[in-house]
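Presented sequentially are two complexes of chain A, the first with chain B as partner and the second with chain C.
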Partner chain A sequence: MPYCPTSPQERRYVVHMLIAAALCILFSVVAALGFRHAHPTGILAYLLGTLPGLPIVGALAATGLYLHAETDEFLRNVLIQSLLGGMGATLALTTVWGNLEDFVHAPHLGLTWIYPLFWAFSGISYGFVRLRYK
Partner chain B sequence: MKNRIRVLRAERDWSQADLALRLEVSRQSVNAIETGKFDPSLPLAFKLARLFETTIEAIFDDEIAEDNRGL
Partner chain C sequence: MNQLPKNPALRRYLYRFLIAMSLYVVFLVTALWAFPIYHPTGPLAYLLGILPALPIIAVIVIVGFYLAEEKDEFQQRVLMQAMIWGIGATLAITTAWGFLEVFKLVPQLPLYVVFPLFCALTGFSTGMLKSKYK
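So, the complex of A and B:
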């Protein structure tokens, strides 16, 4: 069965996350094109480099706002457990990978991968949490 | 936590969706609470008790208290 938001707060949260994802793609393209064609330097380079990360900050803020606004304690609990699972798995993987990079020269994992990894693990965790309440 | 929500609901001929609507929560919440997989907060337990016009103790089976009474 496809995922379907159940509360108004959840629906609003999904919309915010979709907007953040769209802005993230748009700003990433803008930053990539900007660096490729305009070769910015100094403060402008920092500002352009920061641009793709801003929707991510927005998405994290939207998650916090949703957890605050959600009146359905069960839905809130499910999301909190999923996020904790996602955080734990991301911390575990990046720590182990960091040690592998230091000691056995494993390929470098860029910091920008941490955020998508966190959501991927949170998504997997969400599936397991929902299974518990089936 | 074991509870009598399914019985109380059946007595009133309410579906899980009906109860969810009255409690202003999702149907999944009602299902999780009814099957004993999720324990509601105290405010939600009071809301359930008021809705079914009974007490929290009459809805939820506190097994620990039962065990203590048996000591």
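So, the complex of A and C:
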């Protein structure tokens, strides 16, 4: 059965997240093409470099707005607990990997991986939280 | 003179946190001392590299315990909100920095800075939230 949002706030949130994801792909392509063909320097290079990150900031703001707008206390609590679980796992993993980078010269994990890792862990955490309340 | 907080959950949290931080110092010094002298390789090097990360993971678990044990709903809510703000700001900064890293506009940031960055941002958010609720 396809995923179906249960509240209007959740529906709005899903739409916001999809727009942010689409913009992130679009801005990443624009930045990659811009750097390959225009070789920008100075402030323009920094602006173009941060461009793909802007929809991510938008997605984070959308999550905050959803948490603020959601009137169903249960849904809000489940999401907050999932986010906290995702946060804990992400911080644990980045700390372990960071130490391995430093001490045993493990390959550098780009910082752009932290955001998808956080959501992957939050998704796993969401499953566990839902199971707990079943 | 007893400076310890009266709140039992907070007192337990402080004890656990201090033990974890003491272990962190011991493990970090052990790893920093052992690597240049013994040049460990293979699984031993990985174990020794991960060693300082273990008390940090313990701190994450200890914060989780504190959240579960705290009876004061206000304190619990402020900490949860502060951590949500903290992780949001951490993800925004690391993602922006990550993209700048990809385009070679900034130096590579080691992953172990993510945890202290999160703590600093959560601390800042706690101050802001507490002044808001004053």
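Definition applied: the second predicted complex is superposed on the first by the 132 of 134 C-alpha atoms of A that agree within 3 Å, B and C clash if a C-alpha of one lies under 4 Å from a C-alpha of the other, contacts with A are read in each partner's own complex, and residues count from 1 in each chain.
What we mean here is this: a residue touches a chain if its C-beta (ideal position, glycine included) is under 8 Å from a C-beta of that chain, and two chains touch if they have at least 3 such contacts.
As the structure is a computational prediction, the values presented were derived from the model and not from experiment.
Undergrad: Which holds for A:Leu83: it touches chain B only (first), chain C only (second), both, or neither?
TA: Only chain C is touched by A:Leu83; chain B is not.
Undergrad: Considering only the touch criterion stated at the top, classify A:Ala20 as touching first (chain B), second (chain C), both, or neither.
TA: neither
Undergrad: Is chain A touched at more residues by chain B or by chain C?
TA: Per-residue touch count on chain A favours C.
Undergrad: Identify the partner contact of A:Ala62: answer first if only chain B is touched, second if only chain C is, both if each is, neither if none is.
TA: neither
Undergrad: Kindly classify A:Val129 by the partners it touches after superposition: chain B alone (first), chain C alone (second), both, or neither?
TA: In the superposition, A:Val129 touches no partner, neither chain B nor chain C.
Undergrad: Show me the residue ranges of chain A that touch chain B in the complex, using the header's touch definition.
TA: My answer: residues 6-7, 71-75, 77, 132-133.
Undergrad: In their complex, what parts of chain B are in touch with chain A?
TA: 24-29, 31-33, 35, 37-38, 40-41, 44
Undergrad: Going by the contact rule set out above, which residues of chain A touch chain C in the complex?
TA: Residues 31, 35, 45-46, 48-53, 56-57, 60, 63-64, 67, 80, 83-84, 87-88, 90-92, 94-104, 106, 108-115, 118 of chain A touch chain C in their complex.
Undergrad: Where on chain C does chain A make contact in their complex?
TA: Residues 31, 35, 45-46, 48-53, 56-57, 60-61, 63-64, 67, 80, 83-84, 87-88, 90-92, 94-103, 105, 108-115, 118.
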